[in-house]
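Chain lettering (A, B, C, D and E) follows the sequence in which the chains are written, and residue indices restart at 1 in each chain.
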Amino acid sequence: MARSAGAAVTSMNWLNKMRPGAGFPWLAFGFLALLLICVVFGSALAGSAATKMNLGARMVPPGTLEGGFLNILGTDSLGRSMLARLAFAARMTLLIAGSAVLFSLVVGGTLGLISGYFGGVVGAVLMRIADILQSFPAVLLAIVVLYIFGSGPLNIVMVLAVTRAPVYLRTARALTLELRTRLFTDAARSFGGSGAYILRRHITPIVVPTLLSIATVDFAVVMLAEAGLSFLGIGIQPPDVTWGLMVSQGRTYVAQAWWLAFLPGLAIMLTALSANIVSNWFREQSDGGDR
Amino acid sequence: MKPVLDIEGLRIEIGAPGGAVRAVDELSYSVGEGETLVIVGESGSGKSVGLLSAMRLLSDPPFRVTGGSVRFNGRDVLSMPLREWRRLAGEEIGMVFQDALTSLNPVFTVGWQIAERLRMQGVARGAATDRAIKLMQDVGIPDAAKRYRAFPHQFSGGMRQRIMIAIALASGPSLLVCDEPTTALDVTIQAQILELLNRHQRESGAAMIMVTHDLAVASEIADRIAVVYAGRVVEVGDMEDVLFRPLHPYTSALLAASPTEEEGRLPQAIPGTAPNLTGLGEGCAFAPRCSRASELCGRVSPPRVENGTHAALCHHALEVPA
Amino acid sequence: MNHANGDGMAPLLAARKLSKTFRIKERHGLKRFPVDIRAVEEVDLVVGRGEVLGIVGESGCGKTSLARTLLLLERASGGTIELGGRAVDPADRAQAAEYRRAVQMVFQDPYASVNPRMTVAEIVEEPLLLQRPELDRAARQRIVRERLEEVSLGEQYMGRRARGLSGGQLQRIGIARALAVDPSLLICDEPVSALDVSIQAQVLNLLADIRETRGLSMVFISHDLSVVRQVCDRVAVMYLGRIVETGPTGLVLRHPAHPYTQALVSSEPRLARKGAARERIILRGDPPGPSTKSEACVFQKRCWRSRQSCDRQPALETVEETHLAACHFPADSGR
Amino acid sequence: MNDNFLIGRSLQTLIALVAVLLIVFFLVRLTGDPAALYLPLDASLEERANFARNHGLDQPIIVQLGEFLSGLMVGDFGQSIRQARPAIDVVLDAYPTTLRLGAVTMVIAMLVAVALGGIAAYRPRSLVDRTAGVLSLFAASVPDFWIAISAITLFAVTLGWLPTSGTGGPAYWVMPVAVLLLRPLGVMIQVVRASMLDALSSAYVKTARAKGVGEHRVIYVHALRNAFLPVLTVAGDQAVAIANGAVIVETVFGWPGIGRVMIDSVQQRDFSVVQAVIIVVAITVFTINLVIDLLYAWLDPRVRP
Amino acid sequence: QDGGTVTIVLAEEPSFVEPCEASRSDVGKVLKQNVVETLTQIDPTDGGIAPRLATAWEQVDDLTWRFSLREGVTFHDGAAFDAEAVKHSIDRMMDTSIDCEIRTKFFGGTALEVTPVDELTVDIKTDAPSPILPTMMGTVVIVSPNTAMGEYTRSPVGTGPYTFEAWDVGNSITLSRFDGYWGDMPAVEGAKYIFRSESPVRAAMVAAGEADIAPNISVQDADPAADFSYPNSETTRLRIDTETAPLDDIRIREALNLAVDRSAIKGTILSPDVMLATQLVAPSINGHNPDIVSWGYDVEKARALIAQAKADGTPVDSEIHLIGRTGMFPNSAETMEALQAFFQDAGFNVSLRMVEVGEWLELILKPYAEDRPPILLIDQHDNNNGDAVFTVFNKYHSEGANSTLHDEELDRTIRAAEQATGDERRKLFQKAFSIIEERIIADVMLFHMVGYTRVSERLSFTPDISTNSELPLEKISFK
């Protein structure tokens, strides 16, 4: 498996060098901040408008102000404000992606740190599991699991988290393996520092920023994956709504009301783009820090 | 003596335009036929950057030559089209770098890499192979014919450096450029390599420039020595003049800091730290660390003091020439 | 200056037949083979109180492995370590803790040996935190300040992080850290080899001062004979995991008995005038890999004096008084 | 004692495969009675019992597992309930479609990435470099199904340039491949660029230049050969990414591939087919990784015998 | 496109081409009456039956019907169509070692004994009186005697006007005209079936000339002027679980019905051509009760009923689970969301959950969980076989597999209707529907749905209610 360990390191290397768009992160930060507002206040601000049906004003195209500014982005097939729905859907979309990333970060990172530092059989088994999970198309696993356990938000978060956790596990493990051989961990050990101490005091603070920078990219990856699942009909189900589901539902109307699928798709893309740009920026900032 | 390589007032900046810093400033030295010039100086003083830029091996960006001239056998190197220079250098100059492991391409056999140089000069494949094996024997690689097909990672550090030397010697160069060829090696291996380089130079009469930070090594192989500090040659002259009758306080401090054979005699530290490149201004860069420095040193660039072939840049040179 | 066993007291540190073998897997194409790397092989050594023992040898000969084993960072594959005449059982927590307080290390690479995210104060404080839990914060801070003073770093450095500091400064911080718990023995693994000459001199001077003021013992590892010559009372020469020669520094380096030491000394570059010709022994080839196992003398392959009887590894035997060499045909001692 | 890499790898995969199979075997049986799915809503209880008997679903689950595993030994993957034919036939019918789609995508991704990433690395901050950067940023951010739908709307429905969907001549391949290409291409361009930058700034390239080797040869012989190694290491991951993407692309463009089979068979609780898909996919992934490993060993003498 | 052949783009590829699965709409659209034919043919518009491979039939005794077969008919493989072939087909269908849907759907629990009387006469005997056997025979397809027993075929051979040419799995199925057909030679020479799951794509393909006929396109893709709408025989309802509180209170059930503005959904989310349904069978089905009036939209009244029920202690605030099924019909998710909005508007505490078919089946099929919550379950039923018998027992009888009702009078009425014939039969079924929808209020009835089919301009073909389950190529001609 020399190659896989190498691959983890290699992929980190190129990650470190891939930073297009790093020049203008403020737009991206601004957009993400806006989304955060949607997440926090989304249901308060747009909740009722997002569910208020008006079958008399179905599929009003964007750009008209009749029916109030809420309809500026048009209405959907039930006459609900697209603007409100986009804002409302941001909540679920980002919460799912966020929790999945957080979960995989915490679980994968912790396991990676432990298996990297203590190694042994458990470490080897964890790596094999990570290998399997990573070398098996996640969508296929998701299909099996979501059909069987139903596609509630929690299950989706779990599926996404489990398929992403290997990334953190590998990275954390590779970094830990490397840091373990650094002299400063030796020094701490020579003072009688226990494994737990060294992990906590020396290794985690160095590993976590790297994991966080992966997490920002991963946020985009996970959000796209969730959207894909919703698109396939095994993701979020109405009346819950995410952007992916909106695209999926909107696709049946592409010929009559392009905005139903286009706008949520655009929202996904802009968010993913922002996450990627922010991540690039993040790497640029921390670059040269430890090396 | 006709100089083979003559560097005059070379000025190099590093970094993107705008944020560039001066790494090398007014670097000048030359080396003649059959002569060995050793460039010494602390780490980061610009020894490598200066030499490799003169060889046009550093890419722009981030490295940019902003002034000065480099002449090789009388021809202006910097204004020559790159292709032409590469061809000329390929035939006339052999180069050996510090880390032989990374300097050899890991995915090609060493023999192929030696032969490639010959093939670049139009030697036929078969002949190139034979010559390469011969070269490997010459630099002391046992079983050369068999080892021709081996890859760099299959050699020890010393052997790899021998391969590098074989590549450098392949074209029968008139100039050998070595950037710290033995720094990564053990003393016993270092002795082997220095001996090899020395022997070659004696036999071929080529000029040699070697970069090192080890004054003892310098004393063993140098005809002349150039001492570099903060991107400038602060002292240059015959080996014995520079190392045993230094003009520049820096040279003298460096000598005092080097361990000697005397047991229990501790070397003397040079106070302060090497200058930050961005902070280089007017005046002598060594002034803040110099025991002889006066107010003048901080303001005015030091003059060149000469004693025959021995010269230094200093306001308060140690032995004022007669 | 030789304090070894001078007054009948047990030596501060002694190692008896200390060995360290690493098992690694070498991949050859599709197959992998386990290989034993015998990094340290039956090493005997003794460090007296206040004494500095130098260990020299080529890259890969096992110097660092020896140091790490002495520091209990590696579990010895064989042999024992004694502190003040008492064998130390690394498995016994109390004994190990006591030993660790007495023995501290200064590492080779100053950049790698301090955590880039920690402040200078935190770095120096760490051993106190781990080894002197009885101290409160103020007491620790006081000690930190003292130690930094001792390595001539002012208070203003306490809040700085490693990334902004130079190699010399970092190495001084490494020394301050090693001194934090008042050890009786310092193991220095090539403490200056990563530094420029000018900085090297600073650190060597600092170590000399500390030794002077504290009466500290040291194991000083280096591949640079000239450094060893200046710092060490006694020296041990390692080759392929074994000590092949040991004795007072002056004696060993001026009149080496083992052919390897002879080659080493003669290969050492010296600042000399032109024509100050010296006889030089240029060894053939490279040292064999540390994984080769053979009964023969480890140096046999490169030795110009090797004969039939060199098929056996010789033991360390006295050449003269405390000067020992592991050679069937040692050169005459200088005296 | 020595362990053979090939055998070790196969053994690992086998263990992994058995683990995955067992999990899937029990998972798919956890919920959803196939009888309910296959028989009409008004089917009688006898008919349900009869159905279970016909498909061996009345047996205790352990017996079913035993039969499944012993069937595997002789290459029998069981019968597809839905298609009333051997499950493996169902999978193998769909397999070439996905394989072709994936292979074409992979090859194009590699070629374009090497060309574009190489130029980008050689001329940093040039137009090509910036274009490549923006392209890969977008490729990492665009929802693939959304692009697919938009492309169909634009190129097939509105402009009528390309067929809406389905399989057929080269025109049918354009949109699916383009959509599937997005992710791997974006990643690979960056990998090539980064590894090419590494290679170009390496000491051995300096050596080559010092030898008088021409710039073309430096790039295409000395640098590229090394720069290709990292590309290989991510190729395995990209193959998996392509497999993921294929599920969506096959759905949107109506390609009868293995992704569709998978979705349908899980939905229909067609157990044998689900299992067969997983085995086939696992073997494919294993083979791809093995080939990459061997290729790597072949290209990189450091891991060669 | 070459003149004589047509391309038909279907929403899904059939899993198999086994004739005894022809009752499935995906198989039936390809095979039924094209490749394989039935003895009798049901007229979907009025439930009447017409001869096809049988020319006449009569009841011999309570249990036995005698069919006279058409003369001069041969199978595509050359075998002669005769009494033995009919026996083979029916025996093969009734063989329980395969899962023929025609058997499991229509003949579950009955035994059929087929006795050739002479070459062109055959007796079919049932174990219980079966007054509508000739109608039932409209579902049974006849295959060549060379078709193996006990296994599914992948190359169906029948007597129809088209032979089964090839099945390129995943891509297409092709049929071509059978020159030896007994009836009139159809205009279409051959047909190619291709499959696209996306409705806009199917519609676009006909528009782009890539296909000739695209059944089942959704309303938003349809062009009301050009595309054909037709009742597709499907009827949608919400099944009310009358056993759980608060749904066990009839006022609540009434309020639910009053809360839905069906006419607001019609013409918006669903086609303007859908019909408000009053019961689970379409008007053309024997047993449909025309006297049941549809619910009006009256939120106020609904609220009043809820208040009343609440006053009487009905737990009206408990959460009612409205459960939809993903992709059940075009825009089903929107429909469910609209229903939820209507119920909430009336003051119900209704949560919506969309489930996948597997989970839906567990909810619709017995046995039901003891501690289930109050559920409103979406259901869509299709009966295009002319008689209410195919609906009522299963959906409403105490023993019906999909029924949550336990009503003795209803059970008795259904049993009686099954055995009755003629007018009496119709009356009894009508009575049953009256009990279900007026006395019990077992459903929130929604709509008789419509399908849209887009037909290329070069063809003349008018889809009708049967287009959902069969697509007879013989009815297509070129303009």
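Basically, contacts are C-beta pairs under 8 Å (C-beta built on N, C-alpha and C of every residue); 3 or more make two chains touch, one makes a residue touch a chain.
In UniProt terms the chains read A, D = ABC transporter permease; B = ABC transporter ATP-binding protein; C = ATP-binding cassette domain-containing protein.
Computed from a predicted structure; not experimentally measured.
Under the contact definition, chain B and chain E share the contacting chains D.
Ranked by C-beta contact pairs, the top interface belongs to chains A-D. Among the other chains, the CA centroid farthest from that of chain B is the one of E. Our note on geometry: chain C versus chain E, Cα centroid distance of 89 Å, whole angstroms. Separating the centre of chain A from that of chain C, both taken as means of CA atoms, is a distance of 50 Å. In this assembly, the C-alpha centroid of chain C lies 54 Å from the C-alpha centroid of chain D. Annotation for chain C: residues touching 2 or more other chains are 27.
For chain E, residues touching at least two other chains, in rising order: 198, 200, 204, 356, 358-359. Residue ranges on chain A touching chain D, taken from their complex, read 2-3, 6-7, 10-11, 13-14, 16-18, 20-21, 128, 131-132, 134-140, 143-145, 147-149, 217, 220-221, 224, 227-228, 231-232, 244, 247-248, 251, 254-255, 258, 261-262, 265, 268-270, 272-273, 275-277.
Residue ranges on chain B touching chain D, taken from their complex, read 52, 55, 57, 59, 61, 82-83, 86-91, 93, 95, 97, 99, 102-109, 113, 116-117, 120-121, 151, 153, 164, 167, 171. Those residues of chain D whose C-beta lies close enough to touch chain A in the complex are 12, 15-16, 19-20, 24, 27-28, 30-32, 130, 132-134, 136-138, 140-146, 149-150, 152-153, 157, 190-191, 193-195, 197-198, 230, 233-234, 236-237, 240, 243-244, 247-248, 251, 259, 262-263, 266-267, 274, 277-278, 281-282, 285-286, 289, 292-293, 296, 303.
Of all residues in chain E, those touching chain D in their complex are 13, 15-16, 18, 23, 96-99, 101, 103-105, 108-109, 151-152, 154, 169-171, 194-198, 200-201, 204-205, 207-208, 210, 356-359, 361-362, 364-365, 390, 393-394, 400-402. Chain D meets chain E in the complex at residues 31-33, 36-44, 46-47, 50-51, 54, 82-85, 93-94, 97, 152, 156-157, 160, 163-167, 251-252, 254-257, 260, 267, 269.
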